[in-house]
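Okay, so here's the structure we're looking at.
To keep things simple, chains are lettered A, B, C and D as they appear, and every chain counts its residues starting from 1.
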Amino acid sequence: MSKVYSDAKDALDGILFDNMTIMAGGFGLCGIPENLIIALRDSGVSGISAISNNAGVDDFGLGLLLQTRQIKKMVSSYVGENKEFERQYLAEELELEFNPQGTLAERIRAGGAGIPGFYTKTGVGTLVAEGKEHKDFDGETYIMETGLTADVSIVKAWKGDKEGNLIFRKTARNFNPMMATAGKVTVAEVEELVETGELDPDQIHTMGIFVQRIIISKGLEKRIEQLTTRQREGA
Amino acid sequence: MAWTREDMARRAAKELVNGYYVNLGIGIPTLVANFIPDGVDVTLQSENGMLGMGPFPYEGEADPDLINAGKQTITELNRTSYFSSSDSFGMIRGGHIDLSILGAMQVSEEGDLANWMIPGKMVKGMGGAMDLVAGVKKVVVIMDHNARDGSAKFIKKCTLPLTGVRVVDMIISDVGVFLINDDGATLIELAPGISIDDARSRTEAEFNVTKNL
Amino acid sequence: MAWTREDMARRAAKELVNGYYVNLGIGIPTLVANFIPDGVDVTLQSENGMLGMGPFPYEGEADPDLINAGKQTITELNRTSYFSSSDSFGMIRGGHIDLSILGAMQVSEEGDLANWMIPGKMVKGMGGAMDLVAGVKKVVVIMDHNARDGSAKFIKKCTLPLTGVRVVDMIISDVGVFLINDDGATLIELAPGISIDDARSRTEAEFNVTKNL
Amino acid sequence: MSKVYSDAKDALDGILFDNMTIMAGGFGLCGIPENLIIALRDSGVSGISAISNNAGVDDFGLGLLLQTRQIKKMVSSYVGENKEFERQYLAEELELEFNPQGTLAERIRAGGAGIPGFYTKTGVGTLVAEGKEHKDFDGETYIMETGLTADVSIVKAWKGDKEGNLIFRKTARNFNPMMATAGKVTVAEVEELVETGELDPDQIHTMGIFVQRIIISKGLEKRIEQLTTRQREGA
């Protein structure tokens, strides 16, 4: 009963269906499951509700699934980098639910941790609070937000072992660990797959219990969205 | 002789206190990092999951796994730690960040902030702005005092959709510096060449003026 | 010839499925680890923050930083990972643990469980039991079928304070095995030497009997 | 403005007051801040409300503060190992609030993360639910639990650096990381204090932002509550 699959297509086999909810890790193009997104596009599954902090760019990341109109709805905090997204949204071909970034992160964590609702100050008095339950604690007003889960979560890690234990690298961690906990099935792609026992047990970010399928990333592009550099002094 | 963007960033940097944990928004607030006073050591948080943000990398050394919340490539420092988005916003929402400096489209005299959405235009999203203004201990806005058409941005009541209610503690604009608290707004500093009357004529919000200005 | 504690633990071990993540309570449930069938690989969770619990250490090799939820010294395995208590109970509450095996003072015919408190006696606390029965996908109780005074423990309605409502899926006692689901309780196996009538006379709860028993 | 203090007494100076709330990390006697507990006892501060999963044993851990009657109230999930506790409780000298262990852990996490309330299935239909708000989500009933914070949190880590970044070891992690986030002031004792930069930034369990004061543990006893061993086969 190995969790290790041969490639992204193989790893998504049998778990996709039209009108499903999918969580996809990453912040901008940093730490996105590149192989799994492409396999998702190639599967042709349609009507996806996608929960992801951003929507990729036109020709990369979740933008690939917007090009093919496979996404029906996005739940995101920021989608500014995607022209095709803008076109589909303005043409009302795409539903969009904006969540404050921290609320989105916490909703996903809550979903994975069996918490159906929680209260937050974020968004009180704004459009985000409309229609939500308000409650006072110690004289301050908070709104209730609900937990989120997905039929499938796709995440990207740096290293993984055959039990599905994962370690992320630098800011490529972002939404990936919570999403791994909130998928009914979680599929991970990793840059390096090691034997069980090679990862330090004190240093595992995502425990294998949350990961049902794992593959090695192939041909990762790791595209940089905004290359910013400085010149060496005296250079 | 109103303040330039650099002047505003330099003035904002005076709000940094040794030992502070600080989140800087995109745009002019990012410039504040260039003006941190000598002897003041602050740790910059990036809400995508990093404490201890370093400067841009040297050419050829950018790491795609290492970006800030503006998606720019950056570097790490000795003190740097990485964490998940939920831990990052736990930190923000839980009141552990001392200071957030960010931009604004409108600020009301009670400190309401609008900086994420213009109805009728394509909305990019609020990102982490609503969480930051709700959770961070002190919120400083840096903005041009007036919009391009000359209209006031510091007004009685925001007309744009809000980012947060009663969240702004200070405005630094090309006109000067305003404090906002339960007693209302107070002009506490003027940019060179700006008179109190100039400030009033360019502002819709009611504000007091501090003594000896 | 009713089942011994070891027999009950051996029978409970048959509920383990290859690949399962399992939490074993203190007492008889701990013994289940000794009877894991060949070819079945399960990962044991300890709610104080560990997945992949290994056996007791060899003498002289106990590590005070490595204990299970019963505060016994244990060891780690190749697959082991450690995490915080909040992550541990996120795992439990979020329904990620497949099976929990624990002890009971009383179980009702609807699957209510009482296993933490006897009014009038000093209460030690529920520890993680309420979280486990609320969150784990399948809950199996191992218990002596009757109390020391002979009174029934599998009863119509619990009289002791509850640990959870409608949470028990299976009882394994010295008398046999009972399934509990929305249709009520069903006796599905008998220990050797125990008749259906014996089971009825020692039980207050209503239960059906599976065919061919 | 160094976070490093010379010893436990020094590290608690100026932050203690009667009738304060203190969180203390550890599970049983595993991962408890031994030095800080002793310094807390020696401070003489009284009327403490202590939030800690357990209450130590008679002569170790929080038991030391029970001996001296410095604790007014305990919020715990299990207190079975402490005779003095039992005596004081039965004599009504001590208040006791039992929380399910997972609820306790989550309440502390919530307190540190600015979440004043959340819903959980744990305890529904039990004594724990009495007087609490009930709410249905998707046809299931949940109860509301509130976030917890403390005036001071005392935690124990394995390694720390001078910025207050912490790494825990094995199951000594337990409640320590959440408590570090939920203290108005958090004081950490560590087995090894290293220079800033020596800890891997991907592997820090508690970020320095949560730790205001740090000391090196001295003379750690690390008492084992239940020594269980096996014999070597053939030995």
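Heads up, the rule we're going with is that contacts are C-beta pairs under 8 Å (C-beta built on N, C-alpha and C of every residue); 3 or more make two chains touch, one makes a residue touch a chain.
Note that the coordinates shown come from a computational prediction; the quantities given were computed from them, not determined experimentally.
*Asks:* What are the mutual neighbours of chain A and chain C in this structure?
*Replies:* D
*Asks:* Once you count every C-beta pair in contact for both, which comes out on top, A-B or B-D?
*Replies:* Result of the comparison of A-B and B-D: A-B.
*Asks:* With centres defined by CA atoms only, which chain is the most remote from chain B?
*Replies:* C
*Asks:* Averaging only over C-alpha atoms, locate the centres of chain C and chain D and give their separation in whole Å.
*Replies:* 28
*Asks:* Could you tell me the distance, in whole angstrom, between the mean C-alpha positions of chain B and chain D?
*Replies:* Distance between chain centres, rounded to whole Å: 36 Å.
*Asks:* Counting in whole Å, what is the centre-to-centre distance of chain A and chain D, each centre being its mean C-alpha position?
*Replies:* 33
*Asks:* Among the residues of chain C, which ones contact at least 2 other chains?
*Replies:* Touching at least two other chains: 76, 82-83, 89-90, 92-93, 135.
*Asks:* Would you pick out the residues of chain A that each touch at least 2 other chains?
*Replies:* Within chain A, the residues that touch at least two other chains are 106, 109, 113-115, 120-121, 168-170, 173, 201-202.
*Asks:* Determine which chains touch and list them pairwise.
*Replies:* The complete list of chain pairs in contact reads A-B, A-C, A-D, B-D, C-D.
*Asks:* For the complex, give me every residue of chain B touching chain D.
*Replies:* Residue positions touching the partner: 18-19, 21, 41, 43, 45, 51-52, 76, 78-83, 87, 89-97, 135.
*Asks:* How about chain D: which of its residues touch chain A in the complex?
*Replies:* Result: residues 106, 110, 113-121, 135, 137-138, 140, 142, 146, 167-170, 173, 200-203 of chain D touch chain A.
*Asks:* Spell out the residues on chain A that touch chain B in their complex, using ranges where they run on.
*Replies:* Of all residues in chain A, those touching chain B are 27-31, 53, 76-81, 86, 89-90, 98, 100-106, 108-109, 120-128, 158, 168-178, 205, 222-232.
*Asks:* Please output the residues of chain B touching chain A within their complex, sorted ascending.
*Replies:* Per the stated touch rule, the residues are 46-50, 55-74, 76, 82-86, 88-90, 92-93, 112, 117, 122-131, 134-135, 161-165.
*Asks:* So in the complex, which bits of chain A are touching chain C?
*Replies:* 1, 109, 111-115, 161, 163, 165, 181, 196-197, 201-202, 204, 207-210
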